[in-house]
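Quick heads-up: structures coming right below.
Shared between the two complexes below is chain A, which pairs with chain B and chain C, respectively.
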Partner chain A sequence: MSIDSSVENPNLIQRLTRDYSLLVLALVAVFIAVFIIGAATAPNFLTILNIKTILRDAAIVGIMAIGLTFVTLSGNFFLLSMKETAALSIIAFATSMSAGYGFEISFLFTMIIAMIAGAIQGLLIGLGGNPIVVTLGAAGLFFGIGSWWSDNLVVSFRRPHGAEWLGSGSFLGLPNITIAFIIIAVLAEFVLRRTSFGRQVYLVGANRATGRATGHENLPMAIKVCIIASVCSAFVAIAFSAQVSSAHVNYFSSSFGSSGDMTIMVIATVMVGGNSIMGGYGSSLRSSLGAVFISTCDNMMVLHGYNSGPRVLAVGLMIVFSIMVFALVQRGSRSVE
Partner chain B sequence: MYKKAKTWISNNPDLSFAILLSICVYAYFAFTNDLFATHRTGYAIMERFAVLGLVGLALTLCIIAGEIDLSIGSNAALSAVITVRFTDSLGAPTALIIALVIATMIGAIQGYFIAYLRVRAIVLTVGTLMLLRGVSLFAAEEKTVMLTDFRVPDFISTKMLWYFSPASLLVVSMFIIVGLFMSYTRYGREIYAIGGARKEAIAAGISLKRPMIIVFAISGLCAGLGGAIIGLRSGTAQALGLQYVLLAGTVAAFIGGVSIMGGKGGVIGAAIGTLSVNFLNTGLVFNVTPAFMVQLYLGILLIIVIMFQTGSRVFDENQRRKQILADADNLARQLSKRRKFLKAPP
Partner chain C sequence: MNNLGKSFRTIVVGAIAFGATVSNAWAEGSIVSFNGPAGEAYIGKFIKGIKATAELKGFDIKVFENQFNQAEQDQQVQQVLAAGQLPDVFIWWPSDAVAGLGSLRALAKTGVPVLKINQLPNDQDKQYIFGYAGPDDRLRARNAGYMMREAAAAKKAAGGTGFNVLALSYPHSYGGYGLSINAFKEAIAGSDLKIIGDVDEGFGQANGYKGAAKMIAALQGQSIDFVYGMDDAILTGGIKALEEAGMVMGQDVIAVGTVCNGDKQLIEEGKQFGTTLQSPLHEGQLAIKLVEEYLNTGKLANYINFTPNPSVTKETIETTALRGFDGKLYSIEELCSGAW
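After this line comes the complex of A and B, so read on.
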């Protein structure tokens, strides 16, 4: 009886703790407020050049994040080997380019290597290996192969090469990598929403048992999504290599970019975008927006003159915040493993 | 004697595999390199054991509880930065205690939130991994912090009893205490229970919070101690360092016989697993192998161990399914026989 009365007449705190949407709205409002204040006070924030820079930074992390979104949506958590797959791919691409093969052949060669890398991980995950542990091992393996292949040296190729249009070209005033990011984002959204493969990704992620009962096992799904993630990683690696005309396995390690580790940045993007890390809920659009959001915040903090410490801290806080909101909102709405 | 050994091996297949592997690795390097089987190398291995052993122990405990702590490297780096930074002004013991308390508190808070929010640890710890990197960048002011007084590094790597130093003796005693805690106290058994059979454990009245907080607090303490030892020994600490310990620690834990499903493995396994990894590491360094190759070998080793575990689990499941089918078949046959017998005219 006491339960009934508390349902009928909840006081404010009870209502708040039961219905978290208010909390979410409040925190989103805080974010928007911080954003507007930052935009108004940061020098040179609202210039065309700066917005281009933001989109460019977002593209590099964002393309990888879109690839990882497929893995996350299919309920296989995340891959800890994104950065290492990119490192292996960048070495493959630069070695092939410096050996004198053209852009097309190098591109295909790199993609095939990335696909093999993805397929191996997907196979092990699909057979029942824990995604985290498998990709942790695979990360060590790929990084080792990349270093061994390049002798831990910088591989460079000469400037007039066939990949320049991808690295430093631009179209309609936007850098080509940003255009590629937009195209990939639209394509991924289309695949996830409108094709049967996309719906299967959601099904397997939302409910493994139902997926199995309807004939969608995790094994082929894991292989497919891991290949997609690896190919996205390889694409970023190729674009990066095309821009700087060289490659080294450490390009994507902790010194890369501003905020810590590339793999963790990609995972952060997927989480901050608002995808459920347990699978089945989210979209690639969210990841793209997450990438733009993180890179905007990062850019703003750089313009305000913050060092890397506060910036890494900010991204960390965003991840933890996203996890907590998700856990609180979803509590009780689905069975916890 | 022989029979006893045989039953022990059949009772502890994972542990005997780990022992066999470590002996094989040791023997291989001892035969290929003259310098390997000396007590100087033994001392070097024990010095490595002091750090990697702690990480391996922390990850073993987490995996026993059915979770993985990804933030272990960040926690260790934070602790190293704090210890090195405050040693000059406050003295080493105070700095060490501050760092250890902070690391343990971080672990306990993580454990509390994992149990309270009911999220998987990998989800939360990937966030705290980034968060703690930011905190340690703050604490180090984005520089490499350094000691000015090198008496402390000299003290903690003094050679004692041929093989040991104060640091490794501390770690060995830590292993013994945690081992006793895990096997002989109720709290330790609860950790095994929530790892091996979480739903059953909760149904039996074990709260998820207490074992989760304990396990992550111990994990934080181990990570913090490991980071502090590495920082004090080298006299320097970097906020973005110590990323590699996660892979090495995971390999050590899995060689030591933990299962990703939780509830299996133990402290002795963690020690032996770490020793195998250390033999491999040190031996490769002795044979002038570049550092990235070590990572390659560790990656391959981890994938092989995972393949074996997954394979054996799938095999077991198939066997069990077959067994159930066969049992059902048998039962049906017996029933039909009996029915015939009953229906048969007298």
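After this line comes the complex of A and C, so read on.
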């Protein structure tokens, strides 16, 4: 009896057509084609300087997205307070720096505040609060505290202040914030894939009832992942404050321009990366690549001379596109990873 | 330098004279102000200005803040009108002057006079307001252009070459963009300066950094010799990007901004050639001063009333001061809304 070897050992095309619908493949193919044509025709796209620019650009949103990925993977949706946590953190850091406490103490002080902010949200979510409602409320609370604390004024500290290495420094030609992004991405992926905590994140996210049955309640998990997300927000805030030697509660709130709202951008990055909004499926690597991808597309459009309107449109289309593709993929199979 | 010096002197003298004529007469009345959020540094200082001056003049004032959201502001207008207790004057700083036209019309229909703030009147809304108080986008951009001309002339005289300009702009859809870029272009017309890039990443330091970083990569092969920041917050981020790309500010690149909402230390260190002072505190004071004038006389001496926008450079930064419309003298630290 003969056996069709292509069934036993399918090639790449066969595997793709088996696992994904033609619609998904067509959409992805069109997207890849547009991306390659765009990149090939953009002046100065494939230069070292431009690639460094893309990575530097991706780092800020990417670090926050990595933190948020833990929350999403654990089945706790999103924190709508990412930018407000950053706003509170940047005020804390700059206030401490301007008071002369130096980088180390200011860093620790800020991180403690961020951890408390994360723990409060995690506690409320873990106790059964709706993550959207809880973090929406927390967003107002954190922004209000930051606003009141700084009296809505810019808090500045004079250079040299000992934090320039984080904000503006570089190592081997790469900005330190980019290096931090890479380290955090690798570390997060290691934690998720290789540690028992990481496996618990997936377990609780994929099936909360099973998690509970095996002794993994959502309460401690929600607290832990919210702290991770808040700490990542605070790190970005510190790096940005170190770069511009100042802080204001609105530094992450610019409602105009291609960046749009920071929280929305971070959530978009997690989604464009293809993480499941329901939890249990995805990775921090996907979020990191999502950040680089969005940054690359935006960069490409700048090189083509597009102003902010079409670029905001492009980010929106990417989110819609990724939701559509991954919805189709998940409807077809959930075991593709 | 002559243009720069003249405009600076004219504005300072004008402001001092204007401030000195402010009446100390006690006037009673009530004001409702619709404006953006106090959480924004510039608007925060504006609100402080109107509140403090209103208190000084004996006015009751209520401030309704919106989060840069015209729909929210429209709702606030409806709430105030529905409450039925009308003030003597409305102060109107629309989030979006075009989209907010319906609300402005509704305010004007009550018969209560309306003073428009910050965004110049247009053909559609000028019939509903009795006057305007705020900055002159064109003047501040023109002054920035004059400063850049001056810096370019000095560079040329010293044998320097390279006069390419990168503009770090407001979003091109924002009303102030067109006024600013056109005035700036007029000011540098006929000089060696040439705009080779114009990026509109968005407001604030973070967007200024990102926009400049992308343009540095996009303009490889061309030198960036001058940078015009449509405001100093954007420029502050841009300067960081240029420095990280290995350029020495003040030597390789000369930066000029406006609004003084960035980083004073950059001017002190010579990394930023100059800026044009724009005080939200003055804007708030001027608004109340005009309300008082209108309530006392039934009209304004001038329909359009600008706050002063003098140029400030490293040489003048420590000595610049302006007399407020409350008669007090304010230092640059008190007037600016950035890290000053």
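Note that in this section the second predicted complex is superposed on the first by the 307 of 337 C-alpha atoms of A that agree within 3 Å, B and C clash if a C-alpha of one lies under 4 Å from a C-alpha of the other, contacts with A are read in each partner's own complex, and residues count from 1 in each chain.
By our rule, a residue touches a chain if its C-beta (ideal position, glycine included) is under 8 Å from a C-beta of that chain, and two chains touch if they have at least 3 such contacts.
All values derive from a computational prediction rather than experimental measurement.
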item: Fit or clash between chain C and chain B when superposed on chain A; value: clash
item: Which of chain B and chain C A:Q243 touches, first, second, both or neither; value: second
item: Chain B versus chain C as contact partner of A:M271, first or second or both or neither; value: first
item: Touched partner set for A:F143, first chain B, second chain C, both or neither; value: both
item: Contacts of A:A314 with chain B and chain C, given as first, second, both or neither; value: first
item: Partner chain in contact with A:E189 - chain B first, chain C second, else both or neither; value: neither
item: Which superposed partner A:N152 touches (first chain B, second chain C, both, neither); value: both
item: Touching partner for A:L49 - first (chain B), second (chain C), both, neither; value: second
item: Among 22-30, 148-156 or 166-174 on chain B, the segment whose C-alpha atoms clash with chain C after superposition; value: 148-156
item: Contact residues of chain A, present in both the chain B and the chain C interface; value: 143, 147, 152, 249, 254, 259, 307-309
item: List of chain A residues in touch with chain C within their complex; value: 43-44, 47, 49-50, 53, 56-57, 60, 143, 147, 151-156, 158-159, 167-168, 170, 175, 240, 243-246, 248-259, 298-299, 302-303, 307-309
item: Parts of chain B lying in touch with chain A, wherever the complex brings them together; value: 68, 70, 113, 117-120, 122-124, 126-135, 137-138, 141-142, 239-240, 243, 246-247, 250-251, 254, 260, 290, 292-293, 295-303, 306-307, 309-311, 313-314
item: Contact footprint of chain B on chain A as seen in their complex; value: 77-78, 124, 127-130, 132-134, 136-145, 147-148, 152, 249, 254, 259-261, 264, 267-268, 271, 277-278, 307-317, 319-320, 322-324, 326-328, 331, 336-337
item: Residues of chain C touching chain A in the complex; value: 38-41, 44-45, 68, 170-174, 199-207, 209-211, 213-221, 236-237, 240, 243-245, 261, 263, 265, 337-340
